[in-house]
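Next up, some structures in structure tokens.
Two complexes come next, and they have one chain in common, subunit A, joined by subunit B in the first and subunit C in the second.
== the complex of A and B ==
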């Protein structure tokens, strides 16, 4: 009960502090993008428009008002869920983000799950073989893994499983010919809800390569942090004391060692997950995955300011949400953080 | 002692040798250990750190440090050899028939599990009676170690409890299976005297209830002689002397035992000097080359013959043996006379505190009312020139908080501090600079007080960085050489790193650093706790010698009353943030006026081994925990 109260307190506190952060970020986004030498009015008109037409457009778009007034108008619209209209795609930014964000979340979540499985298993194995020759080998392997970035993994996996063995698809989220159910926007979830198992399996196949590429790239640092936190935990008296009480090594590892060592690993995972939101970009491009990353690249290439602003804000919200979730998990796992 | 029919020993060692088995050469850690322990008896293991005391416990569990192994002899538990036993069988004995109580109660429990989760795990492993609920059983075990509010305790995490409570929980767990053998490795070293007394009494009480055989490992000979039936004094991995506790303590046969005894300050009677054991125990490498007695290099009675051959353990009385060829000379060893006391009354007052109060308030939160707690409550004190004033009390009594106010690490909430006539209560930058010239602090743990990445020479002259005076490399190295000479370290120590020094040497460096700019006042917070008595004696004498040379005064905080009695001219007894009694050390200790002082003094094991030790006084109002 006390734990729930403590977490509720944390949530209230964090949501309250999130408001000024979001305001600051939105102001920054707005100002920086205004300073760019790009004229949104000229861009939204055909190239043969006259100067008068551009001026008229500027007035219509409110671009001749002072900057703070423009920001006020923008912010007001933002509160009503209107981030603006994409100049390039001629669509509402909300609906563009609404259709690409779930794809990226799906990618990031599954990639994080892959990284967690690999990271925990690898970390436990590294710890298990400590002091043996296998440790040196594993150490070498983990450093090798650590030094390869995710886009190289993407290319390797694509070439091996997609092009050479032709066992897995490597473009988009679905093969042609599959019907796309839309309920929540999360493809895997929607296909399950609507009972379209073949769609689900096909979508899952499409996820394998990009998620593996991201997961493998993230896992070595998790392995190494888990290993070193386990080594630290095993220096502590309670491990020795558990041994002297005759507990089995397996029980000591899972119940006493891992439970303490998981804390630093968890905070690293939180940081990684935050980065993952921006970090899926290259992988999305390589696998032509229709997520936020691809949307951002298009937006930047076309100087599509409303999308850049919308994506920037989305990123900020995502990072805040992740940090709140990680901190709550921390509270659950680490009793020392709970108030007496 | 009544002569009992000889029973089968529960634990017996025969010619037990433990060595570190390196790739090229091996070093002995324990050599030719012979002892047997009968059910219901307590064997005290005494010696300096590195003597191999803890190694015996680790050999019993066979969780030896990496690279160490039993190379010779047997160690039998109830007739079964623990060394050659199958690991599964041995693991089965651990926690059930052989129980352990650790040194650090707070870290002996897993920080992320509740007390209930941990005791449940243990109770389920040792097995419950049919139909018995683990919770009821846990509460029953808590009751037997006098832990109140057992049900609430089950929900707590270790960090929410005091060290004494954690140790009681660990004792309850250890005795839950009614073990036949208990190994208690320095179970009270990390605790206050009053708690120590109660924990030791508790172990003895539980041991009597179950008829458990106990190995009680401690560096405190006085404590060991109070609780044990038999004592074995270890020196460099070999027994120096073994005998019935009272006899061994009242007439020690081995010079090492005698020296240990005399290195510890007495708590009653006239103050006597301390015997300073020179240097330290030989290292493993040296031991291997050594031909004669291991103690010869430090022994005041050593003669030529001592360095020729290792002395055998010879009988010197009933059940009393010692490894010395000149046991008859041992009683001749006497400590140097006590330096005459100083006349302080006329001394000029350096430092003065009036109605000092430090209150801590909880952080602001919209959910809870702020509460305040007075760590130091209206304390008056003064420190004269050249005077050593001791502050004693249990943890939480406000000793360290007062020290922080004096050195300016904290600002008092109320009251006034004057230093050499100037008010320094405000603690602004000017006051800080002024204070720095006068006061320096020596911290408790040299391990963490010395920056591991700096050389000793630069550590001891750190104060020059702050003052900016004499801060050239040349000047600093010269000053470092002077300081090292004063604290008795070789000049080449200046180029070493803290990790290359022993614990005692590090604490000397810690003192030298405080002395660098010749402050008029030192504030020392528990600077000898956790050190061996031999090292403690060296440091106490060093402080007295340095006072003679430089004439500084000192606020000396300690939970060890006998050390304060030896070192300090005046003493202040603190209890819950207030000074309950103060005065000349000898007067206060000989005739304590306040009930709390009396209960503190009663908790110290008496000098006379035959005197009754009744630490738990009826004055229950003064029990902190």
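== the complex of A and C ==
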């Protein structure tokens, strides 16, 4: 009960803190995008539009008003659920984000799971081989993994598994011929809800390479932090006491060492998940994955400011939610925090 | 502490892997194999399935499979009838009587009528919807319906390129009855056209699935189902064709196309098409002196640029028009002559101590090898004594800089014109009232403005040929190369090659 109360208190506190953060981010986003040397009015018209037509569009879009007034109008619309209308697609930004966000969430969550499995397994292995020759090899491997960005992993995996061995698909979310169920927008979930197991498996196949590319790029830092945390934890007295009590090394590691060492890793995972959520752009482009990253690239290319603003705010909300979840997990895993 | 992988664990893991592999393999679809299907790897998506909404050249082949244009173009770019069977622009260019087919049905079964024409080109535009075609049809005041299959387009000013625009960007016929019943938003979600294919599935930025329209009035497509995978990354498109995940793809790097062309089962083409690579020129600042502009032009080795960046397939140009189009001058050549460049500069009083200087702006990644070409140009100019600063700009900034008069002396630019008509080449590029070209000189500009309202075709074409040559000889324009489209496909897949780089599933077949 005490834990639930503490978590509830934290949630209320964090939600209240999130409001000014969101306002600040929205103001920053708005101002930065207005300072950019692009003309949204011109971009919203065909190239053969006349100077007069561009001017009329500028007035219609309110771009001639003072910046604070433009922000006020935008904020007022935002409170009414209207993020704006895309300049390029001429659709509501809300519907564009709504149709692409689930794909990115699905990608980010599974990629994070891959990163977690590789990171934790690698961290445990690094710790296990400490002081041996294998440690140097593993150190080298982890640094190598760390030095390659996710887009290079994307191309590398695509060439190996898509072109050389031809065992995995690498375009889109489904192979041609599969019907795409639409219930929630989360393809894996929707295919399960509608009982289309073959669609589920095919969608899973399509996610292997992008998720591996994202996950592998994130895992080395998790490995290294977990290894360091375990080394620190094994300096503490309770490990010696556990050994004196005759517990097996496996039990000591899982029940005592890992439980204490996991907290910094969890923190890092939270931060990484935030980055991951906003960092799928290139991977989505390479794998033709129809998520928010892909939409964002279109928006940047077309100077589609309403989409950039909407996507920016969505990323901000996602990062805030992730940080609340991580803090809650911290409270669950670390009793000391609950006492305070 | 020991974690052992014993025989039992190993067998368990192998068993799990075998089961997973077997289950996943059941979900694998055989890559395009049967003759009823074709999968195309395309570099960009449609901005919306409302074809009147936005002008995006690369989306036109996608629209053309679902919708029809009133007029069409043959592979050699001649205007041909389509939904409209007869048309005749009146000598004053103020009206155009036309007749339409009576046997055309929309995908939902509704017959195409004259009302649909009036709705698409007049009523929809006047309704206040923000449609890009409103800008191309701004002189169209009305379509008078004379009978169920005939009418007259009426213009407020002479519109000599009205027939060309009926086969150009955004001019697709849309169904009045259907749009009025479901609304424009729903129409964009579930588009209904008269084209050879129906849209059966669409996921933005990922896939378009089309199924043959068996009631199509024209030649029935041989391929029943066309899948278009939107693959924006050129490396991924290369990988997709190499691995067989797509049957045809376009716009991959020239070197990759050449490599894949040697691969068994694949064939590669490097096809020049109706897109220019040129230098937009200013008539002031460092380019006030015509000698400097001409020296800059004579110093460019266009053949070397073509060889270096497009495998020699991009045709060097002397006028702002592509070979085979009405405004092209096949016998006119502007010489590559660095010695003449040096002489022109010396005669104008420029020396090594007092060189002519200017700035070149270029995009990076807007079209293949753009920034590399810009760097090569700077080197070529340096050799003749021109001092040039290279500045990178975003494509989205081009029009804004141009409108504000802030472009530098020269800008490397690519200009697409699927019609091939000289108004949309020289006319648009040098009309001082339009935002495309940087040249604002009145000598050329006045001539162009007169040609914009010249209704007699032959006179108009002759006028554009003359003004294009004059523009080049006065340094108002520096055409460089005809752009190329790389295309790689399976050898057994046939398609019809268009001079404007349209790649249409409706023309494809397997052999």
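FYI, the second predicted complex is superposed on the first by the 324 of 340 C-alpha atoms of A that agree within 3 Å, B and C clash if a C-alpha of one lies under 4 Å from a C-alpha of the other, contacts with A are read in each partner's own complex, and residues count from 1 in each chain.
Assume contacts are C-beta pairs under 8 Å (C-beta built on N, C-alpha and C of every residue); 3 or more make two chains touch, one makes a residue touch a chain.
Everything quoted here is computed from the prediction, not taken from an experiment.
When both complexes are overlaid on chain A, the residue A:163 reaches subunit C alone and has no touch with subunit B.
After overlaying the two complexes on the shared chain, residue contacts for A:334 are found with subunit B alone; subunit C is out of touch. In the superposed model, A:77 lies in contact with neither subunit B nor subunit C.
In the overlay built on the shared chain, the residue A:173 is in contact with subunit C alone; subunit B does not reach it. In the superposed model, A:42 lies in contact with subunit C only, and not with subunit B.
Annotation for subunit A, partner touching more residues between subunit B and subunit C: C. In the overlay built on the shared chain, the residue A:243 is in contact with subunit B alone; subunit C does not reach it.
On subunit A, the patch touched by subunit B and the patch touched by subunit C overlap at residues 248. Residue ranges of subunit B in contact with subunit A, taken from their complex: 61, 63, 66, 91-96, 99-100, 102-104, 107-114, 121-122, 125, 157, 159-160, 170, 173, 367. By the touch criterion stated above, subunit A contacts subunit C in their complex at residues 37-39, 42-51, 53-54, 88-91, 96, 99-100, 128, 155, 158-159, 162-163, 166, 169-180, 198-202, 204-205, 248-250, 252-253, 285-290, 294-295, 297-298, 301-303. Subunit A contributes residues 9, 131, 236-238, 240-248, 255-256, 259-260, 333-336, 340 to its touches with subunit B in the complex.
Within the complex formed with subunit A, the residues of subunit C that make contact are 1-3, 23-24, 26-29, 32, 37, 39, 41, 47-48, 53-55, 130, 132, 135-136, 169-170, 185, 188, 201, 203-207, 209, 227, 229-233, 235-236, 239-240, 242-246, 394-397, 399-400, 403, 428, 433-436.
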